[in-house]
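There are two complexes below, and they share chain A, which is joined by chain B in the first and by chain C in the second.
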Partner chain A sequence: MTSYALFLGCTIPARLPNYEISARKALSKLDISLVDLEGTTCCAPPPVQSLDLETSLAIAAYNICLSEEANLDIITLCSGCFESLTVANETLKQNEKLKAKVNQILVKAGKEFKGSIEVKHYLQVLSEDVGKEKIKSSITRKLCDLKVASFSGCHLLRPSKVLKFDDPERPHVYDELIEALGAKSIWYRNKQKCCGGLLRGYADDVALAIAREKIINASKAGADCIVTICPFCYLTLDLGQVLMKSTYQEEHNLPILHYSELLSLTIGVDPKELALEFHKIKIDSVLNKIE
Partner chain B sequence: MTKIKEYNVPFSKEVSSRYGGETIVLCYQCGTCASSCPVAKTTEKFNPREIFRLVLLGERQEVFQSNAIWLCSSCYNCQERCPQMVEVADVFFALRNIAAEEGHLPNMYLEFASALINDGRIVPVSKFIERKREQIGLPPLKSTGTDALRKILAATGFNNLQLKKEAES
Partner chain C sequence: MENLKIGVFLSDCGKALIEILDFDNLTSFLKEIPEVTVVERGTEFWKGSGLQTIIRTIKEQKANRLIVAESLPKLSEIKIVEAAEASGLNQNFVQVIDLKNHCAWPHRNVPLEATEKAKAMLLAAIDRAKILEPIHKLEFPAVKSVLVIGGGISGMQAAEDLADLGFEVHLVEKAPFLGGIAARAGRFFPTDDCAACIQSPASDVKTITHTSRKCIYRSGIAAIQGLKIHTNCQVVGVDGQAGNYKIILEKKPRYINETKCISCNLCAEVCPVEVPDEYNVNLMNRKAIYTITPNIYPPTYVIDEKACKFNECKKCVQVCPTNAIELNQKPETTTLNVGAIIVATGFKEYDPSVIKEYHYGEYPDVITNLELARLLDPFGPTQGKIVRPSDRKFARRIVFVQCVGSRDKRWNDYCSSICCMISLKHAIMIKTSFPEVDVSICYIDIRTTGREHEEYYEKARELGVKFIKGRPTEISHDPESNLLIVDVEDSILRRLLELEADLVVLATAMVPSEDTETLAEIMQIETDEDGFFKEYNAKLRPTETKKRGIFLCGGSTFPKDAPSSSLQAHSAALKAVKFLNTGKIVKDQKTAVVNEEYCGDCEFCPVSCPYDAIELVNVDEKHVVAKVSDLLCEGCGICVGTCPLNAIDLRHFKQSELLSQTRAILSIKGQDKPLILAFCCSECGGASVDSAGMTMSDYPTNVRTVKVPCTGYLRIEHVLAAIRYGAQGVMVVGCMSEGCHHEDGVKKVETRINVARALLKEYGIEPERVELFNTIFVEGDKFAEAARTMIERLEKLGPIRFSKEV
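This part shows the complex of A and B:
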């Protein structure tokens, strides 16, 4: 069994218990053991990077230090955490001058960044450690003609120079993991385009307009649902449809699922254990397509 | 005196001397960033090429007064595609960092800073969610490293950002 330090971040434990429970259950079923570490903090994502980039590096490095001490690689469920921790990890591993500067800060908190571990998004763990074949052989419930609009969001892929997850313009790893579950990953217009989520709270009108376009494009292509791997994409598209009702007087009712939910449902986790009531847009139409 | 100083340190140099802002001087205004930008396609208030032009021309005040720098969604599409390898999204962080130092930051970001200092996380966990977590069988959350984080924030001078904004308001 492979063990990872689970880095939960802020948004998932605070707002998305359905994401967390499905990821924990699915990974455990696939023999990935998760260790929850004491003393982690916010990862310093773009909102904190906007305030100060060097402070953000130090915060991310502090969290990496906790995993270094536990001698475990990090697994993240959030693409924001994946991006900020990976950028810090890779930058500090390569830039001695910056590493020395950050370590001068970290010493005040009794830490030292060594550069001894890796940071992985859980999709990377699924594709590299578990593998599609093992996922396929773990499936106990069949999907009946489920058409999925996959949406990988931004910070799983970009900046690709540092994240090195997949081709940033023509990614395929995530779609393959969706098809491994027996679903059809369909093409839709502007598939790779941002959901606008990071503008929520500052420019809500712009964020909602961008999200609306994604919902419309996926619906027009005949998707039964959009499947996401980032808490912000999920919130922007799920909660976003509630806001579209009041703002645009439009009802789309397109179910939004976390990949870990679809994975859990197909490998035999009881839907009753998945806190599916947290979905703003009900997902019954998807559940009806599972045998 | 002030005028001479401003002339000797052009705005583009100020930005390129900061962490994240180094590559702005490579911009040759092709507009690949703007044509790749999901926000520019949605609102006329944001155009990364135009903002970079203003920086290169030294229009410091105009850049910070318009608040457009806060409309970048940090999707990194522009950064992937820039033929000059300008790290466009990172330059926006550098510009925001300068604005934040001077106290020109939207309230939402001030709230993030306060939450970070007070709770060590930028999204608080409510009592309702704590109860729900327990009900559905999620493990209790481990403690947050707030004390260690405060030491880091004090060492980097991050705490001063907030004080400046509060003094201003």
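This part shows the complex of A and C:
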């Protein structure tokens, strides 16, 4: 059994219990053990990086230090945490000057960044540690002709030179993981484009218009659901459909699922344990396609 | 040695100078110098009776060194030196100085001082005359034979020109057939004429008039006397030097005897091996034994080595009626001896598969312009019908994407210049044949800069081609409908568009041909930052390289349309003719010479020589000395300035000449201002001193000039010597930093000046007494102003106070 230190970040524990529970259940079923880190902080996401690089690196490095002390690699569920922690980890491993500066800050908190661990996204763990074959052989419930519009979002792939997860222009790893579950990952227009989520709070109308286009494109292509990775993509598309109702007087009712949920459902986790009631858009139509 | 007899000829330039310079004073000054045997005064000495006086003086042996003070620098110098040589005096014994522009005119308001400066200038020339040595003429044999690399439109035309003029020409083409990229392109813009069309050789008088143009196969190119065409052949080695290059050619086996083959096609009919035809966008298959298109030269076949089963099969051998198939052919190496090389290797399309968002290579219906040209060609795989390669259905909606891989910092910065016109040509061809097809062109800027190009753009718009200003962000493929979707922001409408298309055509950047880098290395010629061959000077020597006897034309220097390639071909041919015409290269031995006693074991001069004229030669196992090629050396003297051991000198401008001139010109002071020595180069820097005179820009007479071939010649000692001989400041006047006539001589001297300044500081002398100025001809006023500023600066500093011995 491989162990990882679980870094949850902010949005998942606060707003998406269905994401957290499904990820915990699925990973444990696939023999990945998760160790909860005590005292984690904000991951210092890209907006913080743009305000003050050294501070943001220090915040991210603080969390990495916790994991170094536990002598475990980090696993993240949120793509934003994946980006910020990986950028910090790789930057500090390569740049001795910055490392020294950041360690001067960390010493006040009694920490030191050593660069001894890796940061991984849980999809990376699934594709590299677990493997598609093991996922396929763990499947207990068949998907009946489920057409999935896959959506990976931005920070799973970019900045690609640092994250090294997949080819940012022609990604395939995520779609292969969806197809491994027996679903069909369909093509839809503007599949790789932004969800609009990061514009929320600044230009809500634009954000919603972008999200709406995504929902429409996926529906037009005959998708039964959109499966997301990132908590923000999920919120933008799931909660977004509620807002579309009031703004555009439109009902799309396109279920949005976390990949971890679809995974849990196919490898035999009881749907009752998955807090599925937290979905704003009900996912019964998807559940009906599971044997 | 014969006695030194110096003749001095003073021209008053048509009496223009008599108001300023006191010629009587100058004459009596000269007559007191013992070596001066003749002093003549006149109104002009570079023609007419003045020139006759000079000739008579030489012939009557009254003088054996000449100093002529004339204006009209260069032209007068050429005429006087010519006449002196014809009269039996060595060219190097004649000095022409310019008392008008360097003395009288800039100092016209101070005649007394000007006369004193004129004395100093004359004295400098006299002192130099005392130590001059003769310069001889050299002759190098040149083979009247030319190698042309590349059988595309420009290579073919250059080869034809040369062969028509009676030169032996070897036209080498790497591919099995002539034609190059133009032949694949099918048609030319904006005339829409056939790409297979070339000029007809003048020698083919029976069928062709001098104005005609013909398809390659009808042109008679192969029949031209003296033109040897080597197809399927590559240059693998170049040795020797200008006028006498040894070329090693490697001929790949064609497996067909070209002279026996009658192109009956029986072989291809029986050949059992079929492979995708890459020449035709893989849209059809060809046999392992094949030819590309019917109108090609040589009119024969070739066997695809990778596909053919050779002795296992041999069906073609059995069926060939002329026994032309030779399956046992091996690569052959031949050696040629040529006097000059013309490089016409052209360009190729950039491979856009690296631009992942366009999915070229992944989506079959995303193609390049050259591939589209094959579809549009009636000889092509679809007989001119436009289909989408994925399912061969008629393409109803076509989107062109411009600037793919060009004008894009990620790939190639530059504009490939011809892609707009190529897309317009294709759009017009499509719209003319199939008006119902929807054609859009996504562009950043449409660049139609040639004659009738704008009209072509207009025509495309009239035919209904849509123009969308925006660079597409992504091309995606809808597997359901098999349609491509082009995402583009129309920046004029300010709208995001999603264009549906059956076929997307990428107007890719044009980049150097594959072998450009290898060839550059073999021939030791330069490439530019984009990888194209670099011409000697884009403005004035666009088809020459820095290496003598190697010329460039066509797309090898940058992507070009057919008219420009053609034009360059004729230019390169003419340059080669000019170079080889007499069968010999004649030049003066105005070259560098190495003192082998001092020279040894460093690499400074070969590295610094802009002309690759210096090589290191072993004197014994461990030690090397530099050896200068008299053929390649251009006499700039940058090696003189660079040599750490002071082991190199110029035959035509020895360091002793520089120093004696410097001492003499500073020996007469004339007025109570600080003396400045201005070392100026013989190109732009020197020309700005000339033009200061021509424009009558005032500067003090105490600024004295000494000309050097290039400022790169100057050594730190020269600067220090000027100070030792009495200069209070030193100006170095060279070309603009990027405009040095000897590549980077002026940049090299800049470094040395900085060292000199540091040294002076050590001696307690203010470093600002030495300064470099970069000027061009028209900046005479800039030179004058610099000279005035320098004097003011030195007056403020006061006289040099030596704290140590210099």
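Structure notes:
Following the convention adopted for this analysis, the second predicted complex is superposed on the first by the 288 of 291 C-alpha atoms of A that agree within 3 Å, B and C clash if a C-alpha of one lies under 4 Å from a C-alpha of the other, contacts with A are read in each partner's own complex, and residues count from 1 in each chain.
FYI, a contact is a pair of C-beta atoms (placed from the backbone, for glycine too) under 8 Å apart; a residue touches a chain by one contact, two chains touch by 3 or more.
Nothing here was measured: the structure is a model prediction, and the numbers come from that model.
Contacts of A:D167 after superposition on the shared chain: chain C is touched, whereas chain B is not.
By the document's definition of touching, of the two partners only chain B reaches A:L198; chain C does not. Once the two complexes are laid over each other on the shared chain, residue contacts for A:R158 go to chain B alone; chain C is not touched. Contact with chain B, but none with chain C, is seen for A:E20 once the two complexes are overlaid on the shared chain. When the two complexes are overlaid on their common chain A, residue A:D52 makes contact with chain B while staying clear of chain C. Shared-chain residue A:K108: touches chain B; no touch with chain C.
Using the contact criterion defined above for the overlaid structures, shared-chain residue A:R189 touches chain C, although it does not reach chain B. Number of chain A residues touched is higher for B, counting chain B against chain C. In the superposition on chain A, A:E128 makes contact with neither chain B nor chain C. Counting contacts by the rule stated earlier, residues 169, 192 of chain A appear in both its interface with chain B and its interface with chain C.
Across the complex, chain B is touched by residues 8-11, 13-15, 17, 20-21, 24, 36-42, 45-55, 58-59, 62, 66, 104-106, 108-111, 154-155, 158-160, 168-169, 192-194, 196-199, 201-203, 206-207, 209-210, 273, 275 of chain A. Those residues of chain B that touch chain A in the shared complex are 19-20, 38-39, 42-43, 70-71, 73-77, 79-80, 87, 89-90, 93-94, 96-97, 100, 105-106, 108-109, 112-113, 116, 120-126, 129, 132-133, 136-139, 141-146, 148-149, 151-158, 161. Those residues of chain A lying in contact with chain C across their complex are 167, 169-170, 187, 189-192, 221.
Within the complex formed with chain A, the chain C residues making contact are 356-357, 359, 362, 474, 476-480, 485, 487, 498.
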